[in-house]
Structures are given as structure tokens and as C-alpha cells.
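There are two complexes below, and they share subunit A, which is joined by subunit B in the first and by subunit C in the second.
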Partner chain A sequence: MNPFIPILAARSAWNRRLTLGMMVLSVALSVVLLVGIERLRTDARTSFAEAVSGTDLIVGARANPVELLLYAVFRIGAATNNMGWPSYLALADDPAVAWTVPLSLGDSHRGFAVLGTTSAYFDHFRHGDRTPLKIAQGKRFEQLFDTVIGADVATASGYRLGDRITLSHGAGDTVLAEHGDKPFTVVGILARTGTPVDRTVHVSLEAIEAIHLNWQGGAPVPGLSIPAEFARKFNLTPKSITAALVGLHNRSDVFAAQRRINAARAEPLVAVMPGVALDNLWQMVGTAERTMTGISALVAAVSFIGLVAVVLAGLGERRRELAVLRSVGAAPRDVFTLLAFEGLLITLSGVVLGLALLTAAASLLGEFVLTRYGVVLRVRLPDGAELSMLLAIIATGLAASLVPGYRAYRMALADGLAPRL
Partner chain B sequence: MSPSQAVLIENVRFRWKPDLPWCLEIPRLSLALGESLFLHGPSGSGKSTLLNLIGGVVIADQGGVHVLGCDFRHTRATARDRIRADHIGFLFQQFNLVPYLTVVENVLLPCRFSKRRAERCLLQSASPLAEARRLLARLDIAPNLLQRRVTELSIGQQQRVAAARSIIGAPEIIVADEPTSALDAGRQMAFLELLLEQCAQSSSSLLFVSHDRRLESAFSRTLALDEINQAHAKERDA
Partner chain C sequence: MFDLFNLAGREARYGPAAWRIGDSITTVRSSAPGQYLEIAWEELLPAGWDPAAAFKGLDLGALRDGDPRAADALAKVQALWQQAPINAQLDRKRVRIPGFVVPLERRGMLIEDFLLVPYFGACIHTPPPPSNQIIHVRPSKPHEGVAMEPVWISGELVVQRADTPMGSAGYRINADLVEPYKRQ
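So, the complex of A and B:
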């Protein structure tokens, strides 16, 4: 190829920058859609898969397993029914069970979920590749109104050790009232995990009971006030919890344990294997994912048809330019290369702009998506399936560019040195 | 073919499609090396077709088109493209400058497609760029215009830029297709003198096609295309 052709293509494209800029934007948006959906899909799967590990079963009141998993681990969706405390104790006594961690959800603090649990949570909860929780500053909760907050809670609110916070009754859009009479002291801040733990305020199970002492049926009892210092005098054993994380002595017992729990007569319970529930979740959303990918591919196809149409439409106006190039020695193949190179230039610019838009979107919307959907959007270079997708886009762009390239080639042959305009 | 001839056309017949009548039938037309030939003829006499034949963009259906000793009927398209790039400079009525390139970039265009013409610039100047500057200066294009887009220039200036482009790298043949028709009478002669002077300096043959016979006195020979093109004569008689 004549080394001047790319320069000429770039100069010619710059001369028509407004029209071609629109085409670059169109290709870029296709890249954003195609790669963005793929990235969202893999990021969502990674985020969910890394959120909990080393837990053999999640047990709760009988509900849809996926709903229980989403609410108990990811704080997403509607609250499920509670399971009774006696059932939890019975579960903990099961000979196959090595450890249990109770989870009590339902309250919040400035949009962050409040989790009532025990010290066992810090011992047994694992995320990512079986990584235990690490307290970056301070210590676990010991006193009734101590709290250990996740990394994002500390960052977003600027909390430090010793700060006092109050919790709200309800979560998300259904915050009802403040538990303002019983403030908590931040005694620990967890190291970042990249999971919902970062956005959680951890308190003891007893504290959850304590802040609801003067509440009944989801509302404060009028005229009844129990000051924080007296709360300890009450029996703070929980009556129910949201769910329990369960670790077994032997993983091979998981199916037997699951069957036993599901068949419990005292209370209808459901035991969920996190991996299986996640698979079910991906199966449920798989059709939607495929539909979205299909729509994105169609958008990309429309972009490239537009690219061909725009370049072809411009060819009529460029007949004299192509004839000039022929007269100064350009061969028809040079004219073909010029047009094909122009299409490739538009495609490559679109891909680069698309990736830049994706990076900007991940940076700008990352916090929102993380808080709202529990998905960590990672700013990264394309890899694996994304690279294949980008290569497919570039190949399609190149293939699309061959159409105007061939048309220009034919035109250059027919027009010769003096096109009849 | 005599080595002293730049172009020799013998018994050429050409038509654009097999079902169309001949548009060009020329028994003989020659252009000697270093000669300046004025070829005149009305619209439709086959001037553009003749230029395409000499440029090797189309090939004759019958007869021979020899350019610098090369028979185009038996030469591959890529080789014809190379001969055109290396040995022929074109100068058009519409100037045909590339609007998005600067003045100097337009002049350098032939050197981008022909290594030979780039090398031949070194006979006169230190580099093709220096040669482009020299030619433009000789054609009265001010140095401050060199980096401007050609569209910012006047018609007369554009025509001189097109002339510089056709003669850069001293091609053996310069084909000029009504290059003065956009200029007023005073500028026509001045431009023509410049062009002839440059052709003489580089020993280029000049085939000057025009319908304006006031210019023919400046040339060493004159031919009427409508007279030598028998296809046109037949059409006229019919």
C-alpha cells in the first residue's frame, strides 16, 4: 500500500469531519452498547460470585431461593419472611453443621443496610477467593450500641472511629422513622472487600432487639420510651432473624443437610446453596441478556449500514477528487484502499471513543450502580470476550468499508480522468 | 515508433460500449519529444476520450496508442497507471485541485504516487518540497500562500498551482485540457508563456487541448481534432 494513502484518508476524513464525526459517534454508541452489556454481565456475575464464598448453605423462611439469596447476601429486592430463633438454634445444633452466622436485616442508615449479627460473622464470612473479613481500623462490636461499618459507609459518610450514628427503621424507599433515641458508636471500620459488606452497617443481634423494644408492628408505641441505658435490662434474645449462613463440617453432606432443613416440621424453611441459586439467577436473566445482546448487535449492524450509506452518498461528490488522484498516478487499487481505509479509520475511531465513553460511564456511574444494584463496575482494558467483540466490530467495519471501496474502484475505472458530473 | 516521439496514435478506434458507435477514429496523431502541440476542436469532438486514451485509463478497441514507446493496448492496467504516474502531467480546465490539501501538498501529489518524479525533483532542487516551492515561486505564488488551502486562492492562483503540479518532477509529457478557459484574455497569454517556458526548461512535450484558437500561435504545431477524428466527421456529415 502507498504510505501516503492513510495520510490522504485522514486529511479527507478531517475535511468531512462533521458528517464522519456523526458516524464515529454512531459506531462508538454501538461499542458502548455491545461491550457495555457484556461488561455489565461479567461484572455482575463476578460481583455476585465474589460476594459470598465458603458458605455451604443459606437458610431462611420458605421463599424463592433466588429471592432469599438476593436479599440475605446482596440486600437486593423485597424482605423475605423471618425464620424463628428456635429454628436457628436447632440448625446450629445439627451435628453436620460446623458454624452458623445469623443475619437480621430490615433497618438502614443513610441508605446503607444495617445487618444484625454475631461475632461469628467476622470469624466465618468469606468473600472472593475465601478471603476473610479484615478490620482496617478499630475492633469488632462488643458493647450493645457498638457498630462496625463497611469501607464504603466510612468513605461516603466520612465516619471515623468514635463517631455516633443513628439507625432508621426500614430500608431503601420505605424508611419509616429514626431510632434516634439509641445512637451507636463506630468502633470498627472494615477493610474494602468489593462486596455488599462495604455498604453495610454491622451491629449485634441484641442491638437490633434493643432499638425495637419500644416498637410494635413496625411502628413506635406512642408514649413509650425506653432510654438506651435501660435497654440492657431487657431480654434481648431475638425472636426471629432474616436468614442464617451455614458452614458444614463436610461439604459432601450439603445435599443431606439441605434435605433435612427443607423438611423441617417445626417451621417451613428453605436451604439454598449459593452457587446453585446464582446459577438459577443467571438462567432467569439469561434470556434478557441474550435479547439485549441481540438488540445491541442490531444497533451495531444499523451503524455499519449507516456508515456504508454515508460514505456511498459522499462518493458522488468525490468523483472529481478520485479522478484527480487517478490523474496524478493513483491506481484504482489506491482509490479502493483510500475508501476502505477511511471506513477503517471511522470504525477504529468509533471503537476508541466507545471504550472511552465506557470508561467514563463506569467512573461516573460506578458508585450509583454499586449502591443501587450491588454490582462493581470495573474500569479496565478490554479482555477475553470483549476483545473478540471489538475485533468482530472492527472486522465488520472493514467489511462494510469494502462496499464503498469497491464502488469507488468501479467509479474510478468508469470515470477515468474527467468524470461527467 | 520513432524514439523522438512522446505519443503516437495509429489507426485507433474507440467506443465506450460495444453497442454504441465509434466516438474516436484517428488514423494518426503524433507528439514529438519537446514539441508543443495545439489541438483544437468543438465540444463532442472526442477530446476527453483522447486524454483518457493517452493517460492509459481506457484502451483503444483497435489500433495502437504508444506512449514513450509503450503500446498501451498490450500493457497491463497497473503498468499503464505507472507510466501515467511517472511520465505524464495533467492540467485540467477545472484545475482539479484537492480542496482539503494545502497549496504545496497539491503540488507534491504526483511525487506521492511516483518515486521517479520525486527523484527527478532532485535534479533541480534539494528535495521535492524545495522543488515545489521553486516552481510555485516561478509561477508567482507568494510564499505566504503555500500552506493555505487551495480553496482560499484566486482562480488565477489556483490555475498556476495546477500548472506547478503538472510539471513537478519534469514528466516527459504534459497534457493540458483547456487550462486557460477560466482566465481572462490578459492572464491567458501570461499563463501560457509561463507554461511553455516551464515545459521548455524540463524538455517536456506539451499537448494543449483548447477550442480557443487565439492561443495557437504560441505553439509549434496545430491540429484540428474534429478533422483528424473521422468518427466525429462521419457523425457531422450524417
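So, the complex of A and C:
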């Protein structure tokens, strides 16, 4: 190939940069779609898988296993019912069970979920690759109204050790009432985990009972005021919890333990294996994901057809340019290579622009997606499946540009035999 | 298959279209055993242990309908089956066995820790597999897969003794190889 061809192609394309710029943008957007969806798939799976580790079962009131997992671990959705405290005690007594951690959800603080639990949570909860929780500053909760907050809660709200906070009843955007009479003191801040733990305010189970002492049916009883210092005079044993994390002595016992819990007569419960429930979740959304990928592939096809159409349409007015090239000694196959290279150039520029747009979008939307959906969008170079996808796009772009290339080749041949200008 | 855009769906390949609930893998001696001893799930039970002993000498044809002896014998078999004794002779043997994957620990698309069970799906009507028909597998490198995927596991089998009087014994394999299982 004549080494001048790429330079000629680039210069010629630059001459028509407005039209071709649109094509580059079109290819870029289809790259954003295809690679973006693939990246979102992988990132969602990774984020969800990292959120819980080393837990054999998650037990709660009988509900769809995936719903319970989403609510108990990812704080997405709501619990339909709570699990009674006697059931939790019976669970802890089961001979196959090594440890249990009770979880009580429902309240919030400035949009962050409040989790009532015991000190065992800091011992047994693992995330990522069996990494335990680390307290970056301070200590675990000890006094009744102590709280340990996650890393993002501290950064977003600027809380430091010793600050006082009040919790709100209810969760989500509509917050109805505050537990204003019982403020909490921040005694510990956890290190970053990259999981929903970062956005959680942790308090003791007794504290959850204490703040609801004078509440009945979602609102404080008028005229009934129980100051914080008298809370201990009441029985603060919880009556119910939302869910419990369970670890077994022997992981192979998980099926038998799960069956026992599911069949428990005292109360309808469900025991969820996190790994299996996650797989069910991905299976459910898998159809939607594949549909979106299919649509994005079609969008890419449309984009390339547009590319071919635009370049073909422009060939008519480039006959003079091609004739000039022929007259200075370019062979018809050089003309072919010129057009093919131009198409490749557009595709490559489109891919690079698309990746840049994707990175920008991930950086901008990262915070929002993390807070709302708990998915960490990682900014990184394409790898694995993404890379094969990009190579396929480039190959398709190259193949598509062979069409105008061949057309130009035929035109150059014909003009050579009977030049007409 | 170069399923570039994953349109067939990895999860769909092992789903109901391929296997039905209750299907088990009848061990087909594969073409490349290598230095691993291929074992069947029955070999995980100790030799000479006969859970169906209560049915020996019981002539079902001679019993009336609803005879309590039939129910008793069945209850004895079920209780014995749940005791799940292990076969100590397989300890430290390099074995190869097929089964279905139940993921325990995941990292993104990779499974780091899983259980191997003998049959597909969880049939609600019968008890789950006892602990001597479940193998806890730790692959040497994380395996990309989905739940209920059929695989061949090759590695060293370790019998895990019950460490507490309340725990039960079980099998572990540190798998050198995890290969997909093709149904013939």
C-alpha cells in the first residue's frame, strides 16, 4: 500500500469534516450504547456480589427470596413483614448454626438507612472477598444511644466523632416524623467498603426499641413523652426484627438448615442462600439485558448503514478528486484503499469518542447511581467482552467501508477508460 | 460458540430447556480420565452401609394397604439416610466427579466457592441431599458460571471431620479443574 494513502485519506476526510463528523458521532453513540450496557451488566453483578460474603443464609419473614435479599442487604424495596424475636432465638439455638446477626431496618437519617443490630455485626459481617468491617475512627456502639456511621454518611454530611444526630421514622424520600427527643452520638466511623454499608447508620437493637417506646402505629402518642435518660427503665428487648444473617459450622449443611427454617411451624420464615438468590435475580433481568443488547446491536447496524449511505452519496461529487488522483498515478486499487481507510478512520474515531463519552457519563452519573441503586460504576479501560465487542464494531466499520471503496474502484476504472469531467 | 453479544444468554443455556428438575448425572466415563479416579455419587457413601436394610425381608406384596409396618420401614430408611455417614476410604484421593454447581461466594461474574450437588434443581417434595451427597468445592482459580450449571470437578477429596459434637462431617474438594459437563 502506498504510504501516502492514509495521509491523503485523513486530509480528504478533514475537508468534509462536518458530514463525517456526524458519522463519527453516530458511531460513537452506538458504541456508548453497546459498551455501556455491557459495562453496566458487569458492574451491577460485581457490586451486588461484593455486598455480602461469608454468609450462608439470610432469614426473614416469608417473602420472595430475592426481595428479602434486596431489602436486607441492599436496602432496595421494603419488608412486608417482620420476623419474631422468639424465632430469632430458636435460630441461634439451632445446632448447625455457628453465628447469627439480627438486622432491624425501617428508619432513616437524611436519606441514609438506619440499621439496628448487635455487636456481632462487626465480628461476622463480611463483604467483597471475605473482608471484615474495619472501624476507621472511634469504636463500636456501647451506650444505648451510640451510633456507628458508614464512610459515605460521614463524608456526605460532614459528621465527626462526637456529633449528635436524630433519626427519622420511615425511609425513602417522604420522611414523616423525627425521633427528635432521643438524639444519638456518633462514636465510630467505618472505613470505606464500596457496599451499602457505607450509606448506613448503625445503632443497637435496643436503641431502635427505645426510640419507638412512645410511638404507636407510626406516630408518637400525643402527651406521652419518655425522655432519653429514662428509656432504660423499660424492657428494650426487641419484639421483632427484619432479617438475620446466619453462618453455619459446616457449609455443606446449608440445604438441610434452609429446609428446616423454611418448614418451621412457629412462624412462616424463609431462608435465602445469597449466591443462589443473586443468580435468580440476574436470570430475571437477563431477558431485559439481552433485549437491550440486541437493540443496541441494531442501532450500531443502523449507524453503519448511515455511514455507507453518506460516503456513497458523497462519491458523486468526489469524482473530480478521484480523477485528479488517477492522473497523478494512483491505481484503481489505491482509490479503493483510500475509501476503505477513510471508513476505518471514521469508525476508529467513533470508537474513541464513544469510550470518552462513556467515561464522562460514568464519572458524572457515578454518584447518583451509587446512592440510588448501590452499583459502583468503575471507570476503566475495556476488557474481555467489551474489547471483543469493540473489535467487532471496528471490523463491521471496515467491512461497511468496503462498499463505497468498491464503488469508487469501479468508478475509477470507468473514468480511466472514458474520462468525463 | 462465539456468542459475542451474549444474546443466547449464559443463564438460558443451563435452564429448563436443557435440564429438568430432578435430573441427575449418570456418570459417563469420559474419554480423558487422566490421573484422577472417576467416582460416582454412590461411592461417597461408605461401603457396606445399607440404608434400605429395613426393607430386607419385608414382603410388600403380603402387607395390607396402609400397613404400619410399611410406614415404619420407610421411616427407618429415611432416618438412616439422614445420618449421612461418610466414606473415609476416599480421604486424600484424587477424584473426578460430575455434578451441579450451587454458588456460595461470588466475585462479579466469578464463583470462588461452591457446593456440588448430585441432581438438578431443588425438589420440594423430598428432603434435600444429605451432607454425604454434597461436596464443598474450592476451585484453584475462580470459575465463571451460574447456579445449577453441570460441571466435572477434578481434585483432591478431603474428608472433613465434625469439629464439634454438634456439627456434621462433610466432603471438600480443592478443585484443580472445573470443566463443563456435556450431556451425551
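Please note the rule applied: the second predicted complex is superposed on the first by the 414 of 421 C-alpha atoms of A that agree within 3 Å, B and C clash if a C-alpha of one lies under 4 Å from a C-alpha of the other, contacts with A are read in each partner's own complex, and residues count from 1 in each chain.
Just so it is clear, a contact is a pair of C-beta atoms (placed from the backbone, for glycine too) under 8 Å apart; a residue touches a chain by one contact, two chains touch by 3 or more.
Predicted model only: the values in this text are computed from it and were never measured.
With subunit A as the common reference, subunit B sits beside subunit C without any clash.
When the two structures are aligned on the shared chain, A:L278 is found in touch with subunit C, with no touch to subunit B. In the superposition on chain A, contact of A:G329 is made with subunit B only, not with subunit C. The superposed model places subunit B and subunit C at 110 degrees from each other around the C-alpha centre of subunit A, with the value given to the nearest 10.
Of the two partner chains, subunit C is the only one that A:A385 touches; subunit B does not reach it.
When the two complexes are overlaid on their common chain A, residue A:I58 makes contact with neither subunit B nor subunit C.
Here subunit B and subunit C are compared by how many residues of subunit A each touches, and C touches more.
Once the two complexes are laid over each other on the shared chain, residue contacts for A:R320 go to subunit B alone; subunit C is not touched.
In the superposed model, A:D253 makes contact with subunit C only, not with subunit B.
Taking all C-alpha atoms of subunit B against all those of subunit C in the superposed arrangement, the shortest distance found is 39 Å. Touching subunit A in their complex are the following residues of subunit C: 4-7, 9, 11-12, 15, 102-109, 111-115, 117, 122, 127-131, 134-136, 146-147, 160, 162-164, 166-171. Chain contact summary for the complex, subunit A toward subunit B: residues 2, 4, 8, 11-12, 14-15, 320-321, 323-332, 334, 413, 416-418. Note for the complex: subunit A touches subunit C at residues 34, 42, 45-46, 49-50, 53-54, 56, 95-96, 128-130, 249-256, 258-259, 273, 275-276, 278-280, 282-283, 286-287, 290, 293-294, 297, 385, 388-389, 392. Subunit B contributes residues 48, 51-52, 55, 57-58, 77-78, 81-82, 84-86, 90, 92, 94, 96-101, 109-110, 112-114, 165, 177 to its touches with subunit A in the complex.
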